[in-house]
Amino acid sequence: MNKKKTGLAPGSIVFTGNRKVEKVLIHHLQYDENNSKERVLNNHSESTLTKSKRPIVDWYDVRGMHDTELIDLFGTTFDIHNLILESIVDINQRPKFEEYEKGNFVLLRALTFDTEKLVVKKEHVAIYFNEGFIATFQETESDLFKSVRKRINSERTRIKTRLADYLAFALMDEIVDNYYLVLESIEFEIEILEEKIIDSIDSTNRNKIHHLKKELLILRKSISPLREAISNFYKSESSFIRDDSRVFIRNLYENTVQIMDTVDSYRDILNGLQDLFISEVGFKMNKIMQLLTIISVIFIPLTFLAGVYGMNFEYIPELKFKYSYFILWGVMITIFICMIYFFRKKKWL
Amino acid sequence: MNKKKTGLAPGSIVFTGNRKVEKVLIHHLQYDENNSKERVLNNHSESTLTKSKRPIVDWYDVRGMHDTELIDLFGTTFDIHNLILESIVDINQRPKFEEYEKGNFVLLRALTFDTEKLVVKKEHVAIYFNEGFIATFQETESDLFKSVRKRINSERTRIKTRLADYLAFALMDEIVDNYYLVLESIEFEIEILEEKIIDSIDSTNRNKIHHLKKELLILRKSISPLREAISNFYKSESSFIRDDSRVFIRNLYENTVQIMDTVDSYRDILNGLQDLFISEVGFKMNKIMQLLTIISVIFIPLTFLAGVYGMNFEYIPELKFKYSYFILWGVMITIFICMIYFFRKKKWL
Amino acid sequence: MNKKKTGLAPGSIVFTGNRKVEKVLIHHLQYDENNSKERVLNNHSESTLTKSKRPIVDWYDVRGMHDTELIDLFGTTFDIHNLILESIVDINQRPKFEEYEKGNFVLLRALTFDTEKLVVKKEHVAIYFNEGFIATFQETESDLFKSVRKRINSERTRIKTRLADYLAFALMDEIVDNYYLVLESIEFEIEILEEKIIDSIDSTNRNKIHHLKKELLILRKSISPLREAISNFYKSESSFIRDDSRVFIRNLYENTVQIMDTVDSYRDILNGLQDLFISEVGFKMNKIMQLLTIISVIFIPLTFLAGVYGMNFEYIPELKFKYSYFILWGVMITIFICMIYFFRKKKWL
Amino acid sequence: MNKKKTGLAPGSIVFTGNRKVEKVLIHHLQYDENNSKERVLNNHSESTLTKSKRPIVDWYDVRGMHDTELIDLFGTTFDIHNLILESIVDINQRPKFEEYEKGNFVLLRALTFDTEKLVVKKEHVAIYFNEGFIATFQETESDLFKSVRKRINSERTRIKTRLADYLAFALMDEIVDNYYLVLESIEFEIEILEEKIIDSIDSTNRNKIHHLKKELLILRKSISPLREAISNFYKSESSFIRDDSRVFIRNLYENTVQIMDTVDSYRDILNGLQDLFISEVGFKMNKIMQLLTIISVIFIPLTFLAGVYGMNFEYIPELKFKYSYFILWGVMITIFICMIYFFRKKKWL
Amino acid sequence: MNKKKTGLAPGSIVFTGNRKVEKVLIHHLQYDENNSKERVLNNHSESTLTKSKRPIVDWYDVRGMHDTELIDLFGTTFDIHNLILESIVDINQRPKFEEYEKGNFVLLRALTFDTEKLVVKKEHVAIYFNEGFIATFQETESDLFKSVRKRINSERTRIKTRLADYLAFALMDEIVDNYYLVLESIEFEIEILEEKIIDSIDSTNRNKIHHLKKELLILRKSISPLREAISNFYKSESSFIRDDSRVFIRNLYENTVQIMDTVDSYRDILNGLQDLFISEVGFKMNKIMQLLTIISVIFIPLTFLAGVYGMNFEYIPELKFKYSYFILWGVMITIFICMIYFFRKKKWL
């Protein structure tokens, strides 16, 4: 939540994130049913951005968002609405699907799980497409869509026979597939936690549970609007979305539903684990206190007896008797054993 | 949650589970109103899969899912959509009902309860049917549909007078009926737990409650989408579903609603049980600590008295008096009895 | 939850409860606007079940459900759908309203509260009616509908001027009215509990709260689907339900809504009570521990002082002084009083 | 919840509350745009109830409900449906709005807050109106509608230019306005509680929180159906409700929504307060126990040292040395100071 | 919640807040596509309020609400409905959007976060607009809309080319943008709390958590109805709202959804933090008690031993032996070390 934009007119193109790349990298991939052609644009001038005629698909894969002038250039070259340009560079916006007259717009988040810091890393991704043109924008240089590109460059794949709407779907599918990896990592962490909790009462476990719950909350905040966005995508009557793509989008929608379900059940499990942990810790600490108290309780009557025979009354008959001392030891040891036996029987020891 | 498919094109047929059978077993049952004919296919070549003319119903009962080539063969022979084939072998998919042009598709989960490990075992089951053709796919060799097959092989049963839609219903009914057995087992475990909790403060009970809650969560995740799927089945306007089958599907739907209700109320009961357990344990431990503390408290003033008469002042008048020692014993026993009486009266002992 | 039916064909008539009556009792009441005629059927042969012509209303009140042949006989005589017959004897089914071509069917539960065991007793009740025919089925011999029968046998009551749909309503109204009695009993128990909890920390109270919560859960599971059923009844466009009956059914619906509200608020109150109880018990136990600890703390410095003057150093000047002993007593009593005063002031005592 | 009516035919006029007035008071107010005329009816005979011709509005304000014969007389004189008459005197019914052919019917509850007992007092109020006739029924003699009557008796107020539907709205508005006073009182109590909780650990505060939560539950049960009733009023297409009244009813509806919001947020605050209280009490008690234990812990090693030099060994070199006693005091005081310092540094003291 | 209006006729113009300005300040800004003209009205007479012809937009920015006569003057001059005037000065009303025949009305709340007292300050803001006229009313003198005014006074900005509906949107956008700042401050406070909680067990942290939760509740009560209001604004078919403004309002709507999401997730985080805090405090206190008890437990057997050799029996052989005293010290030190070792190994120390 850091909105750098308060006080500006709506529609102002302001990058709200932190610059994560040195220089914006633009990867241009052009393909039709039979061919595909790749190039990397170094010089971001107006002339390098070109519009092809259909049925060729042009995919501009832009990595880096800080260069708002470049975004503006995209806007003017490919006739993209100002509010879309604003959304592209506003990393605080929630995932959404929006229909405009000249193209459709999807915002979503690529997620990866840092297994060391146990942190879900988010990357803001924007996809704009109409019939034959598609542009994707991401924050970092990571090659999110490697396998899609590989499929396009392969011979005779379904993806090449279709237009930009199917490519948009494929890219979203790629990102959502990675959510499963994130969930897997979290599940793995939960399982480790479950084992640890029964063994020890280390309070770092509790902090980890708290931390994972927070990460799931963040996950939820990314996935819940995405589900809605994909549902809108599916129900959209935009002319840029073909009917034979819809069945795939329905599938994608079901995946997001399943992911949400899983996130929610992980939250439930973590809540259960937290309760378990707290009650386990309480139980163990109480057991320790009980043991300590029992030790005290065993010695208290013995100390009392010793005290009694330490009194200085002139006439205490037992003191004169020769074996008193040994008898008292016998009595004390008997009391000691009886108490141990009693506490054992009660299962307090 | 282990998606082996990240990075593949959508529609790729990949078995996402663990291979559970040596060799895929195909059981073919053909019947019409009067006759039924069974055979087991050992040779899974193209020629063994045959299409019959209506009104004969062909039921292919396939046990084992790892052989994706066989699934592919089914797809080409019986003209099944690629996305269906993908779903058949993807054991991570949620229960669902889907209408396609050439047939309807149901995914669900057969559940059994392992009473030793207290674990709900899931088996992924897929049913594809159109007017006269039905194919079922399951992960293991277990004969899930034994009683349905028996009914078909019996003379003059309703099931034989109807087509594949009714058979699909009957198979789903068979699987949902088994959910009741799972619930019964869980109810039985809950009742045992309820009795145990009042008796002892063994912490294994808490772990069991936690475990059962998790199993119910898993159950819920299977049943909740199934309910939706059956509702879609009921509301489907597919031409392969006859009107006189719908009343049965409505009944099935109501069963899933009831099962969901029961699962939810078990969760409520387990939550209540957990609260009860934690507060019971806390109560008992506090009672023990209280008892131990009372023992200390009783001896502390007595030890003080003994300490007083162990002092070495030259002039302590009581020390000289002959019966002092016995009087002191009397005083100490009186104090002892008074304190016991006081604590009893306060119901602390 | 004990489904005896797993593995049977849907529509099989199987009584899933425990037989509660020796012999099924059938009470036949026939009435029109002016007359009413009662008889008890002992011989359950086909000939005893007769269909009258309208506008006479025939009410068969069947008590006992184990005799599935008799149910079957009803089915064939009065042309009742097989799925209805199955539902009549399946005591595990949830309350529901169903429209069939030849009549409407209502399932509900008569509830009574056993004030000794604090248990809500459920009885499965089925009502089937069309224009002039109505049949009710219940598990036990208890006369659930006594006052309705009395109204019919009285002169000039509204009920006699109307047909079977109004009678069905009147019977449901009778059963729902009894829910208020159940709620009243539970409210009474809750009030008793509220008073007891402030007085004592007896752990039976907690078990009672837990138990009542479970009973309310059961109640909820009966009433929630009933509310839905009555709503369906109200909205039904069945030709067997007359418009002037609907306003009464709306009233009945509002009653079930109110009952659900009350059940839910009782659950809330019980939850609050449970929290109160647990915190009250914790508070009181802590108070006790505090008191006990204070007693220890008061004697510990005194015992220390006694210990000091019990030391055997050769040169302890105080020991020689004549009034040391009395002065020490004075000091110890002063310390004692100061500590008591201090703890009082701090309100710990 | 005390339903006196079990076993009676629906539509029976039975007063289900406790009689709260000696004699039913009927206040009759007749007004049109220019004039208003008041009278109090002492003789409740048929002749005193008169119907005026429109556009005169007749308002019968009936205080006291036990006289069911009078209610019946109203019914026959002004042609009111039997089910309405039943609802008027059934104080257990939830707030509702109902359209009948000859008039509309509103049930609601007047609430006042008894600031001494902290109890929300409910009064059952029924309003029946058609175009020019309106009758209100309440349980007690309190003049709920004083300010409305004053507005009618004033010159040139909007209320006089309108018909019974607007008056019905004005009366409901009057009652709902009083809810704000109730909420204000509760807010005041909550604020007091918030201050008290931080000061002391008196357990009466917890009981008060529990009590207020219960009162809010009761409030909710009155307001939640009222909101629905007013919504139905607003959406009603009854010919007795004029379009220019609707905008006022919408306003009233928004008030109930706001009241519900406030009630819910108070419940949240009270829940938070309860958690705060419990944890605060636990914290303070633990602090006390800690302090007490520290006192013990300080004296225990000192007592041990005193015990050591109280031993009777023949050869203990320290005993012979002249200044041993004073040195030991020095050691003990040093230990004492060190421990105090240590506990202070750890912030345990 | 302080309704000053109980007992008044609906539609009465009563300021329900506390007067926050000396004199009401009216700022009048008139603009069309090319020009803009500002003036401050000091004399609030009828003549100063003027209506311009379209396409000029007149914006009256009124700061201060206590002067109900002025509000009335606005009402008569610009033909504003009485219920709107009532809502303008009723600071207790929830945010809402209402369509009237002659204009649309929006209520909302400007929020600022007082970082010292950690309090969310609310200011009631009302916006009334039709085609070319817009009036805003606020409680204090703070210049809420500074940046909007700046945009209007700049050359060639979109805002000047549009009419009052877009200005209304821009003003609401301005206010909603400030919500992000409030959320940022709260997030900052939460982060500080998270760090503090792990360090110390100071109970002020708990009060802060409780306080922030309450503030979020207040925030929620402002934002939740606002979301609804903006949704109604978006869906409104009022002729005063142009289609090209709608896309901006949709954006604004999404912002409120995101803000609600954030508020809810902060609540979740605070709840988690509170649980963490309570369990952390409990854990630390238990650790301290455990340490204290261990100290006691170590000295208790030693004190017992000293007590034994302080007894006065005539025949205790050890007492005569020369090195007994030193051997006993050795034994006691051994016991001491063993116990320390034991507790260390158990990780209790």
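Read from first to last, the chains carry the letters A, B, C, D and E; within each, the first residue is number 1.
Following the convention adopted for this analysis, a residue touches a chain if its C-beta (ideal position, glycine included) is under 8 Å from a C-beta of that chain, and two chains touch if they have at least 3 such contacts.
From a predicted model like this one, the values you see are computed outputs, not experimental measurements.
Touching chain C and chain E at once are the following chains: D. The minimal number of chain-to-chain contact steps leading from chain A to chain D is 2.
Of all residue numbers used at the contact between chain D and chain E, under half are used by both chains, marking a mostly different-residue interface.
Distance from the chain A centre to the chain B centre is 27 Å, each centre being the mean of its Cα atoms.
Per-chain Cα centroids separate chain B from chain E by 43 Å. Residue positions of chain D touching 2 or more other chains, listed in rising order: 282, 289, 293, 296, 300, 303, 307, 310-312, 316. In terms of which chains touch, the assembly is arranged as a closed ring, every chain touching its two neighbours and no others.
Listed in ring order from chain A, with chain B immediately after it, the chains are A, B, C, D, E.
Interface of chain B with chain A (complex): residues 1-3, 5-11, 83, 92-94, 96, 203, 206-207, 210, 213-214, 217, 221, 274, 278, 281-282, 285, 288-289, 292-293, 295-296, 299-300, 302-303, 306-307, 309-312, 316, 318-320, 322-325, 328.
Note for the complex: chain C touches chain D at residues 147, 151, 157-159, 170, 173-174, 177-178, 180-181, 183-184, 187, 198, 247-248, 251-252, 254, 257-258, 261-262, 265, 268-269, 272-273, 275-276, 279-280, 282-283, 286, 289-290, 293-294, 296-297, 300-301, 303-304, 307-308, 310-317, 346, 348.
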